[in-house]
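These are the structures, in structure tokens.
Both of the next two complexes hold chain A, though its partner changes from chain B to chain C.
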Partner chain A sequence: MNTGPNTGASPPLAKAWALLTVSVLTRTLREGLVLRALIWPALIIALTLLVSATFVAGLYASKSAAVPDEAFAEVLVAKGLDARVYADPEAAFVAGEVDRAAFEGPEGWVILARFDGAYTMAMESELRARLGAAWRPMLIPRAGRNAALGPTTRLLVGLLAVLFVLYGVVFGAGGLSRDQQDGSLDAERALPVPSWIHAASRMGAAGLALSVAFAASVWLIHTILGVSAPWAWSVVGGLSGLGGAAMGLGLMARAGRAESLSGPLSRGLVAVTGLMALGYSAPALGRHLPIASVGALVRGDLPGVGAVFTTLLVCGLAAWMFDRSAR
Partner chain B sequence: MIRPSRVFAIARRDLKVVLAGKGSWRLGLTALALLLPAGAMPLPEFKTPLEIAQAAGEIPPALADRIERNPRFGLRMEGEDPVLVHTSRVPPPLREVLDTLPGEPKVRFELRATEFPVPQRGLLLALLSLSLLTGPLTESLAGERSRKTLLSLLTASISRGELALGKWLAWAGVSSVMTLAVALSGRVTGAMPLGLWCLGLPLASGMAAALGLWLGRDAEDEVDGAARTLRALPVIALGLFGAAYGLNMLSPGLGAVVPLGGALLLAGGLITGVVPVLGAVLGTGLGVGALTWSVARALDAEGDPRPTPALSELSHLGVGAAVWWLPVAGPAAWALAGNPDLGQSLSPAAGVAVGGALFGLYALVEALRRHWSLAELLNLPAEGVRSLYFPRAALVGVALSLSAAATAALPFPGNGWLYAIRLRLSAGLDPGWAGWIPAALAVAGQELMFRGLLQRAVGPARAGLFFVLVCAPLDPLRGAAAAAALALLAQRGGVPLALLARLAWAAAPESLSIASPGGAWLALLVAVGAAALGAERPLGFLGRR
Partner chain C sequence: MLRATNLVKSFHDPAGGVVHAVAGLSLAVEPGVIYGLLGPNGAGKTTTLRILATLTRPDAGEVEIGGVDALRHPVEARARMAYVPAEGGLPARLSALEAVTLFGEVQGVPKAKERALQLLHELGAGAYVERECAQLSTGMKRRVVLARALMHDPGLLLLDEPTDGLDVQGRLDVLQLIQSLAAERRAVVLSSHIMGEVERVCQRACIIHRGLKIAEGSLDELRSLGGAEALDDAFVALLNAEPAP
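Here is the complex of A and B:
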């Protein structure tokens, strides 16, 4: 970036935009705070998922069962249980030697278990089958991937996308507010380039950082859980992050120096929430709008091409507000 | 020395500054919107799906009037003699109804699970009150620092302790008054009875105020302070609550001594009795004291201190391990948790590709932060790369590909979860099986991270150690040999030369692999020897940084 004296000669706009974008991006990423904010959410989600899985594994890992006869034990072993014959299965259960026990009591057969789950259900099912009971539970066989995971992963990634859109608003408004306060905005505006180029570079840098970080987060979760439509999420998240940054920048520029960060920030956050709600409740419309397309995709509606144009429109509006605030 | 009049003066001043103008309205309205519904509104009664006798499919006529038909419920009934109940869990109300079916014999099912006590609404109230404090606490200390008014306060005739305590008192007091007022209104509406649990509210508020001040003690401005508090306070609060809850499960009352955790247990009605309550007061009180003291000591600090080099290196290791282990080895956890189908539905090739891409991204961002050029990131030698090194790099790669059997040198269980993880991590070390694009992404990312970023930042020896710890922790000997060979190559030709070796390693057919461990070790020696050949000081790289 040319930091020499302002000679009045304008560099090509595309080159100026690219150089300023890299400069803003480098400045943004040099702040450990920003970098941590971009990295941690996905890592925490992924770690939480795996820690939960490990916890469940620890909780349900036991396959032990006490039964009164050899034939029943063999049936259960065939079902994957570690079933052994005990003279008094109830006593073995109470003593903590096993986590399941089946025995015939004075009022009929009894199954004791410390937790339910597939193995406990298999034991009950086999016992009821042996006894010819009036009903028996049957474990639903899993046929590949559980279809119910689709909405769950959409909701999970949708929540992450909301966070990144909010980051966008904070980056857009907070970055401008900080530069206004420390005077670096005035120095920036002294460069021989049109004022809107600064807005475009700020939005470009925020959009790039958010898009890449969000896409990385989506793909990380995808490898662990299998997100439905990861490409669509990457596009929608990137566009919405850019839309959020544009919104924050535009609102902060409109507020000017007369207002502190909190006013434009709260207006931006309210607008984001409203757009999300619109997208979720009216996905046919929301899929063509920035930020709202996140809500629409949570419902399963893929983004439309209109989302690109409306996001660019919001960016244009923000650049115009920024340009106007300089006059 | 702490003089109460000075402490109160600071508290009054803080409240006046932060709540000036619309500040008081904003805080009041937020408190009203957040706390009132949580504390004072009666909750509607609802039942979870497991509390209703409902089913899809063919409900036996004898039970039709007692089982609700719900075609969308994930439990399906079929047949009449016997009635088959397809489900993953039989809800207790349905079991009760099913047990009334005529016929013998009867089977009684008794679940003697560990009981996890459910906290009362007071816990929600206490947790919500923590989020209320984020804004004011940020403005209180970080705002003073950015407005440069902290300096004038530090030169006033008050001690650091009085300053920190005054700020703590202001916000602990405001939050306590608000939460207690909401608890009182909950008593009026009949939503919550008053009780000993109310004592948990001011305790939690006090500890949260101390924690918030401590988190933002060296923040440069409000944005920095708000981000720290927003991110860390809920995690710390939930973590301490979890720890206290766990300890309480081990021995009732023990969790009370955990700072903040004990206060939250008390607010949630999970501890009763004089001794545990005193423990909560004491534990949280000590926590408040320690944090406020630490804030007072940090008041002279100028902005965010840079992390120490050791911490920075550890963060590379931590991030590296997370971005590689999660996508590559993570899916193995589903099988352990009883859902192997989910793990099998995930593509291992995507795992290594994403892991590699994340390594590359991390290295690029770090290089950008350090203002490195691309040549610096790629560790290219100033004198250029001699052409004779390229065939040597290919030879190193082929030799490494022959060494798979060297894994057998260390005793290791042949099954179980550790074995599953080792298989996945070994597959990530030699990702040729994943196809060209995932394999290229994986090795390029690894080389950028370990032979590019880390070899330049922390030196070849530590970079190699990190490579073994992250990429081959369960096959350390082979990993160490590969790391040494690749580090030597990178010293001669930077990342491109090491990458060439990795691509040759990935491309070599598996059938070439030497079956005997002895032969495999010989291949590893050849790889390291070929990489070291011609070096002026073959082991000199260990000391270079």
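Here is the complex of A and C:
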């Protein structure tokens, strides 16, 4: 047996933290279930949106219209419709040859349409102009898709953020419970580094994995739909995932080996759900708190700088609880 | 190398009572000595080892490892020893080489990967270095765990039931390894409730019962104290001589 160097010297803390964080991250990402949990929500949302968009686009793709005279057809063609002159536009519509028809009936002008939407509205507008009506609908181009879709995408990304916060609690509590059970936590704790480093590395790994996966999800949805303040969402989601992991880890450490995973996990899930509800109902306060800032952002309140400090405070508290659990 | 004095540790049980896991235990282990910590299940062996490993803080007492006050300076003390928990403590999703190398790197061992490979080969796990720890046999896990413990060449090894779950050959191999470690002037403390393996490797031992040390000495002295030729019989006689709680 060879013997190596026994320096008896403590390694640099930053290096030890980085090595342990990478190790925890590697172990976490090698769990197929974890990796799928991080990737699938965004992929499912993106796929659902793309399928919906394809379906809707197909539905509204028809530009066909039947009109009774050439002048009206020319005006509509200029608006992008595929308008043609028919002797009996109504018959053409009923026969399914076109999806829109305009004609003068016994009681006045009529528009028949299978779909609402921009082309049908353009047709109505031109008909009203042609008849000299007192009013006509106007199509005003959107100022930007973000503003128009804001509430919808906020809700969509908000739900995703809620999921990642819950993941954080599961990662924090579940990872520690697993390491307690298989003895790897004790083995690591016997290393010549301060005990809180092990809490910090676990929170760092969970925070990193959740932040990257959540930010990628946000930007994927942003690419498809447009998300208002995607950077704010990325920061809030990452911080809240880290906060959730810290809460899960702290509660599991406090429970120690005497309690199984289910107790601390359920307490953590209740706590983060309560915080998010607080942020939603009191966004002015919630925007400065970890996890609660998700609820505030769903309401449209951007996070305050205080959220960063309070998240770090929660992480510090979790590390302290972890350190205390060894006593 | 190791000196523990009047260690006391109590826990609250779920019923609201107090369990005295360790009650005034003292022990000293010199380099090159394999010291057995014997006792029935629940005697306080693991709690004692966890206190020595600085993983559990005692309510009272002192621990000195390699001249360092382990309670006041746990980080410095840990650099001089290695603790191997009964569960092994290998992360399931890391390979054997990754798990061993990590411990070397965190402890600042130069060329940690080369040293990890060397140790794994020397301990007979060379063919399994790339295999995930979860897929290793119990015996192979023990070898990997020992390689990890030796990465920084500690002067003191704390082994909690190191042969637990091993078959006969695996047990003999691990005991042989432990003897070779002590031959390199390391102090080894191992907990066990198997008298046969204690007789095979330990020079000194103490018997713990309900957190109290009821006997200590060389194996011959323990046999003599128990009034029996076999250590098994002496162990049982000494336990039975203790008054019921």
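Here is the rule we go by: the second predicted complex is superposed on the first by the 301 of 327 C-alpha atoms of A that agree within 3 Å, B and C clash if a C-alpha of one lies under 4 Å from a C-alpha of the other, contacts with A are read in each partner's own complex, and residues count from 1 in each chain.
Operating definition for what follows: contacts are C-beta pairs under 8 Å (C-beta built on N, C-alpha and C of every residue); 3 or more make two chains touch, one makes a residue touch a chain.
In this text, all values refer to a predicted model and were calculated from it rather than measured experimentally.
Of the two partner chains, chain B is the only one touched by A:212; chain C is not. By the touch criterion defined above, A:26 lies against chain B and chain C together after alignment on the C-alpha atoms of chain A.
When the two structures are aligned on the shared chain, A:302 is found in touch with neither chain B nor chain C. Shared-chain residue A:258: touches chain C; no touch with chain B. Looking at the shared chain after the overlay, A:156 reaches neither chain B nor chain C. The partner that reaches more residues of chain A, of the two candidates chain B and chain C, is B. Contacts of A:85 after superposition: neither chain B nor chain C is touched. Judged by the touch definition given at the top, the superposed model places A:271 against neither chain B nor chain C. Residues 26, 30 of chain A lie at the contact with chain B in one complex and at the contact with chain C in the other.
Those residues of chain C whose C-beta lies close enough to touch chain A in the complex are 14, 50, 53-57, 66, 75-76, 78-94, 98, 102-103, 105-110, 115, 118-119, 122, 145, 148, 150-155, 180-181, 184. Put simply, chain A touches chain B in their complex at residues 25-26, 29-30, 32-33, 35-37, 39-40, 43, 46-47, 49-50, 53-54, 56-57, 60-61, 105, 107-118, 121, 124, 127-128, 131-140, 142, 144-146, 148-149, 170, 174, 178, 212, 216, 219-220, 222-226, 261-262. Chain A meets chain C in the complex at residues 1-12, 15-16, 19-20, 23, 26-27, 30-31, 179, 181-194, 258, 326-327. Those residues of chain B lying in contact with chain A across their complex are 26, 74, 76, 81-90, 98, 101-103, 105-114, 221-224, 227-228, 231, 304, 307, 319, 322-323, 326-327, 330-331, 333-334, 336-339, 341-342, 345-347, 350-351, 354-355, 357-358, 361, 365, 368-369, 371, 417.
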